[in-house]
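This structure is in structure tokens; I'll ask about it shortly.
Letters A, B, C, D, E and F mark the chains as written, and numbering starts fresh at 1 in each.
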Amino acid sequence: MSENFHQPVDAAKVPRFAGHATFMRLPAVTASQGLDIALAGIPWDGGTTNRAGARHGPREVRNYSSLMRSTHHVFKTEPFKVANIADVGDLAVNPIDLQDSLRLIEAGVAEIVAAGALPLCVGGDHLATLPVLRAVARKAPVGLIHFDAHSDTNDTYFGNNAYTHGTPFRRAIEERLLDPRRVVQIGIRGSIYGPDEHDWAIAQGIRIIYMEEFSRRGPDEIMAEARDIVGEDPAYVTFDIDSIDPSMAPGTGTPEIGGLSTREAQQLVRLLDGLNLVGADLVEVSPPFDLAGMTSIAGATIMFELMCVLARQVDRNRKEGA
Amino acid sequence: MSENFHQPVDAAKVPRFAGHATFMRLPAVTASQGLDIALAGIPWDGGTTNRAGARHGPREVRNYSSLMRSTHHVFKTEPFKVANIADVGDLAVNPIDLQDSLRLIEAGVAEIVAAGALPLCVGGDHLATLPVLRAVARKAPVGLIHFDAHSDTNDTYFGNNAYTHGTPFRRAIEERLLDPRRVVQIGIRGSIYGPDEHDWAIAQGIRIIYMEEFSRRGPDEIMAEARDIVGEDPAYVTFDIDSIDPSMAPGTGTPEIGGLSTREAQQLVRLLDGLNLVGADLVEVSPPFDLAGMTSIAGATIMFELMCVLARQVDRNRKEGA
Amino acid sequence: MSENFHQPVDAAKVPRFAGHATFMRLPAVTASQGLDIALAGIPWDGGTTNRAGARHGPREVRNYSSLMRSTHHVFKTEPFKVANIADVGDLAVNPIDLQDSLRLIEAGVAEIVAAGALPLCVGGDHLATLPVLRAVARKAPVGLIHFDAHSDTNDTYFGNNAYTHGTPFRRAIEERLLDPRRVVQIGIRGSIYGPDEHDWAIAQGIRIIYMEEFSRRGPDEIMAEARDIVGEDPAYVTFDIDSIDPSMAPGTGTPEIGGLSTREAQQLVRLLDGLNLVGADLVEVSPPFDLAGMTSIAGATIMFELMCVLARQVDRNRKEGA
Amino acid sequence: MSENFHQPVDAAKVPRFAGHATFMRLPAVTASQGLDIALAGIPWDGGTTNRAGARHGPREVRNYSSLMRSTHHVFKTEPFKVANIADVGDLAVNPIDLQDSLRLIEAGVAEIVAAGALPLCVGGDHLATLPVLRAVARKAPVGLIHFDAHSDTNDTYFGNNAYTHGTPFRRAIEERLLDPRRVVQIGIRGSIYGPDEHDWAIAQGIRIIYMEEFSRRGPDEIMAEARDIVGEDPAYVTFDIDSIDPSMAPGTGTPEIGGLSTREAQQLVRLLDGLNLVGADLVEVSPPFDLAGMTSIAGATIMFELMCVLARQVDRNRKEGA
Amino acid sequence: MSENFHQPVDAAKVPRFAGHATFMRLPAVTASQGLDIALAGIPWDGGTTNRAGARHGPREVRNYSSLMRSTHHVFKTEPFKVANIADVGDLAVNPIDLQDSLRLIEAGVAEIVAAGALPLCVGGDHLATLPVLRAVARKAPVGLIHFDAHSDTNDTYFGNNAYTHGTPFRRAIEERLLDPRRVVQIGIRGSIYGPDEHDWAIAQGIRIIYMEEFSRRGPDEIMAEARDIVGEDPAYVTFDIDSIDPSMAPGTGTPEIGGLSTREAQQLVRLLDGLNLVGADLVEVSPPFDLAGMTSIAGATIMFELMCVLARQVDRNRKEGA
Amino acid sequence: MSENFHQPVDAAKVPRFAGHATFMRLPAVTASQGLDIALAGIPWDGGTTNRAGARHGPREVRNYSSLMRSTHHVFKTEPFKVANIADVGDLAVNPIDLQDSLRLIEAGVAEIVAAGALPLCVGGDHLATLPVLRAVARKAPVGLIHFDAHSDTNDTYFGNNAYTHGTPFRRAIEERLLDPRRVVQIGIRGSIYGPDEHDWAIAQGIRIIYMEEFSRRGPDEIMAEARDIVGEDPAYVTFDIDSIDPSMAPGTGTPEIGGLSTREAQQLVRLLDGLNLVGADLVEVSPPFDLAGMTSIAGATIMFELMCVLARQVDRNRKEGA
């Protein structure tokens, strides 16, 4: 069946630095029909309160995703053989109007979902995950595995502004897009606005795993607990690049030292394998603050890891369905 | 009288790299009362449609303004002896709400004006000049000398968005803040959206001087014409750093090659001397895209040149008033 | 007729930082049929003897060409309305085999020529121009307007290596691709290997205009002479980005201070208008040595200027043919 | 009581990129009276023997300390509620005269001490710690916890120069400012000048913990030993940023690979809690060698961690005193 | 005996930033006679298929090796006292001709070997190790300890190109330069071209230790196994800088996240002590992609560590021979 | 005769990126005997009052001087055929002791002078020119052509410090090393400490040519006057890289916008030809503030231009002497 699947450009025929920059060097397509996984950019950072720049994330992650090859060296999975994957381009956004952008992003993801594909989006700032959740959780709240330095469950900012990249998961819970008892946040750290900053989240049932706990227990144990929390029902994965240490991912708006190593991050993502995922995203890669593409390389690799996990799920489901 | 004026820190006592970074190493004050010239930052880039970052402009221009000394080497003017000048800090802005920011900026400048001081603002993107004009032109339209690569007189963007950094001078004319027949734009260049992009501006009476005409005629002749156009009535000066060539000012959102040299820019600003100015600004310095502070150094120096022109006006007026 | 022409993405609907990076935000097409002008990358620097990196040029010039708009502000030409233009992708190359690359590049350009389109190529190092000339000058030698810091008419290098980015125009003359009496080189400068380094070129009839002569006489006079030399017969234009001063185009392998300003370079390219061109290229943009995209921005703008000249020729020819 | 304490600017009212850059966005004050903790810069690198630049450290650490929030996420300590803290500016230095600088720095710290405040200084190169110790250890030798890649106990340099950033702790012991049996150095590594380079220090009783031992034993065990060594008597903490790995803190003059991770560094600093500290410093942040502010961010965060430890001590002492 | 050995410039007399940049500040000599260890550069990256630049490696590693001092802080070895070491300059290469370069490099190393010195080479890309092996393994196949992110045992590339930096160890085995059962590869990771990419290598008997296994088992256990595999017979060590994590060594052509820390890398190299080595190299440092010299510093330090291991072997052999 | 002269490495045999980095790829020699021109580094910036880093200048100028070829393209001079030139290394300095450094530098240059060679030195900060003048003007005061943004004739700094990079030419006049009526300063600009800052210099008879006058009159006219002022008696040339615009030479401690273009700078240096020079220097290249080697490239090229002028003088003198 895979003979009809989209394949990346062959690096032994077209060098990695050649050709148009698409995600994973896959074909650029204009619609998600027939796809198992749709790779989409969300070039928007209208929710950013300090250092903007994540709007440039999709383009640079595409650029550096040229470094990815076709097979996962641990899973031995060949994602492009077991799933039909393509680059569906960037979702429409409005750089000047926040609410219009939220509508446009939701509509873009809804099209992917309607086509039966799993969305794997690259932001953009973390507020973009809110409209994605509106599209993937239309029927029922989903679970969430959330890698981040920040809980992003604040209430308002600058008066009554309810929509910033510090608030998406509070809104998502209020909108019943997430089941808070099936939400786990990993990598949280850094100074906070007050000793009670996370109280609301914890009161909802969110499990916050700070870096200090992660350091003590390690990826295996942490992910075992995370998988228990999320369970077998549909869940979403959101990976904020600032969960990774700023020495490894400096190109982001709100860096916090003492973060995950990329080695740990890869291990964490691989341990998502087997969950029942409705989509995933990678957010907050901000090229204007990056150094020599370091963050885009990390981002592209995490995206590849997420894609392999999704492809394995597609493969499993196809085989079970067969 | 100048014994009561604010003085910058003495570099022969405190090294240039030491101390808190304020504009020109002047004291930071909290109100404009008693000032002749108020140096204010506008850390906001909510009107930016492509590459954001000018929100960081005030801080970095402050940082590099430490390189400025106390006397203009051509005018021999000592601005801090002839005018009372201080750093009044950054105007309040709202990074998440465009209209609220426009209100806040106008209010901030209005306070400066009410105190009898001339505002010299550092942006921020060029939309910030609109609320500044609302504050300085409350009584009657003013003239404008506008250095820029772009005319910034577009109508709308992304549907019906009327307020971006590409539209401020159209809005200002519509709001009767500017007298279009007393507006001159210098340095305009670069590809445009259509052959008629500047027709509206020209129809209003704006005089657009493209780089090509500037190159042929030179600063002296161009400024003679500009001064004729603006005349003796109150006028405002706005200096978009992208009027300068991107090799000399790379840190900006919308670079266009073939721009002014800094040598030409300094000559142009000095030729403003003698006009009847109600204020001035420097905008679009975007540190995330800068290199080794090059743009902030250029910006700080242009700010110093503008400050000297304003200080000479204060001095003239004081002497005439005496 | 232009209703069938390819159009760039509309920046008022899709922000400049969004979407796939193609030349001028035009559609990516796979064949040149129906095109008037084919924009092609040549991601290859196998002829480079010192600092490699021009292989990355096409991708970054594409990236920054997003800053270009649809209309030339001096000509008022709308290139996409008067000519059918698209991005035909990168020509095939072989990063490991020089002679194979020369064959592949020639074949790629030959396809463009066979389709009736004018090639506008982005290198890659300057040796790439040799196979381009092999494709465009198959029937008869052509004239050449050559902007560069270096004459590139050396004989051999490192023993008997006849093919490097320092030799293409010697080879092209030997292969009768160029009529040396119709070749003019502008911007030549920098230390040389011996006092006789340019003797061979001059003996062939090439007109070398050093920077010093250019500085004295200026663009208008220089281009009047250059147009006389090239005449009305078919000619090719090659623009080495190192003709521009390294402060404005640092991202190149062999920088020489004292070069053209971008303002002069734009003026020179515009003065090509009206020649009988068979194609053009921009070479030696080397992103690994670039700073904040400065060289890619300059390169993309020069490419836009060249494209407008070619489009005007297409328009003239179509009208004359009509 | 805390209602009278200085508070940082509220980031929900003034964005982090706005306002004057002071340490932790606290008010700038001119004297230490009434303070519990005085944050002071020492913009001086006159003791540097290889790559200078730490003179620019205080300004950039101030700049990036804007990223800090008000509460420690592990301790839940709110330092600005339990201690009165402000930015007292930069101590006077003389960039041209080493001995004069040592006198000036000592005098500056002595004023802080006389006011009853704990000094938390940001260098500057490590020689600056010598005059700080002269001010804080006037009555009796103190203990020292010293995080560094280098022991800094050399004797002389370049003939008989006794005062460089490689000698401060030898001088401090000779001057009886430190009790060598209460000195512990953590993180020492890198090639040395001879097998006996550390013999003098060890002979004095200093406990040197090399990175290799640290790697084997881990932060908890190491700090348990360090606390035993220092005991309950007054002690000082000096944190050389080059103790952290150069991938996480590249902006320093004498980088040594194989260093502490920021995660380990934070853990180490937190384990200082409960000691009897007379002050602390952070040194050797050298912005000219930094990348995207990475080192200043790390430095500002370590400074925040140190400040929280000091604030908790102030709080404990106040409660005990009450 | 060491009084006749070459000594580095004394940093207490000539500052580290002064003087000509040679490896370890040793004298530059023109021949290897009398040396125990010859430090040589191989400024060549003709085998690179993606991002070139390693040709600039030797110059920058020389530059940053000025930071090295004379004594290993763990071994307490003084390499310049126990072995005669010098910088023999760069081996001849041909930047335009791959096969000629392979011949030249082999000849250059053969001279070192003939003089009785151990070669310690700095590349250059990894294909350079092939001609080095041709020189050091002329009599019999040797063992190999290979630190790398990639196995470099591919067969061909771009058609039938057998010689790239992805193929050297396949060629070396085919040419019987290596005994595959005595080859161990450590640090391998990253996406691969197919699930069978490493099958050939494994079938030959090569032991591939992926990063995941390394992370679980740690340096001590891994090196114990590696030493068992290599045994007491002659072996070569090749250290590809991309084995180290790109956050610590970004200046390389084919970065893969999740790599060795420098701390681990130093530990690994130290555990080579006692093997029977015929030479060593450090490859793939690519300065055009580096940041603030970070990769060159790491490379110079690894080179110092390798040099100390070789010097200890020289010392042992001399003592045993005595 | 030239067969015995030192020759640079042949770039057609050793690529420019290969080999040890010496000035102009010339041999490194240890004494000046037999030389006509001695190229020497002065790695010292102890006179710097703001941003240090020029101590790293010699090494990076050496590095980028690899880009220079053997023949001047305007003069057609082959410097290495008409003069015996070599790299005599860096003069001894003391990074910790200013007065000791002044003594060491004078002694180093005195050796060159004693050997009968002309010194061409690369700094280092501008205070280094004072000890050079002490060595070259031992018998009688010399004239000076001084390219700079700053007059460097201040009196004291920070109390009574008489020796900084802002004072060398005042000291030189006081010490009767310079004849002030034969001193001309070109390119002076930027804000000053007071309207009388240059009064002392002018009172001595120094001719200060500000950038504004230079812009009006141009290089030919300016240098005609400068040559008249200096006359036929012995003169020294000092070239501060900050005379060049910071867009072309950003790597310097005290940048001032509005400077010379490199094109103008080259023209100025060439117009020195025919003067009676006793030596020359290039100072204030500060690599830590540089971008992509831009300033070092400009510095190396200016050094090459100065060397050609000196070589032509050697050639003239030899022919006249013959």
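The working rule: a residue touches a chain if its C-beta (ideal position, glycine included) is under 8 Å from a C-beta of that chain, and two chains touch if they have at least 3 such contacts.
Note that the structure is predicted; figures quoted are calculated from it, not measured.
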Third chains touching both chain F and chain D: B, E
Most remote chain, CA-based centroid, reference being chain F: A
Same-site or different-site touching of chain A by its copy chain E, using the half cut: different
Contact-richer chain pair [B-D vs B-F]: B-F
Chain D and chain E, separation of their C-alpha mean positions in angstrom: 38
Per-residue overlap in chain A, given as positions that touch at least 2 other chains: 13, 15, 17, 49-51, 55-56, 95, 157-158, 245, 247, 289, 291
Each pair of chains that touches, named by its two labels: A-B, A-C, A-D, A-E, B-C, B-D, B-F, C-E, C-F, D-E, D-F, E-F
Chain E - residues contacting chain D, complex: 11-13, 15-17, 67-74, 76, 78, 245, 247-248, 261-263, 266-267, 291-292, 294, 297-298, 301, 304
Touch list for chain A against partner chain B, complex: 45, 47-53, 55-56, 94-98, 100, 157-159, 161, 163-164, 288-289
Touching residues (chain side chain C, partner chain F) in the complex: 49-51, 157-158, 188-195, 197, 210-212, 215, 245-247, 250-251, 254-259, 289-291
Touch list for chain C against partner chain A, complex: 13-15, 17-22, 28, 41, 43, 55-56, 58-59, 62-63, 87, 89-90, 92-93, 95
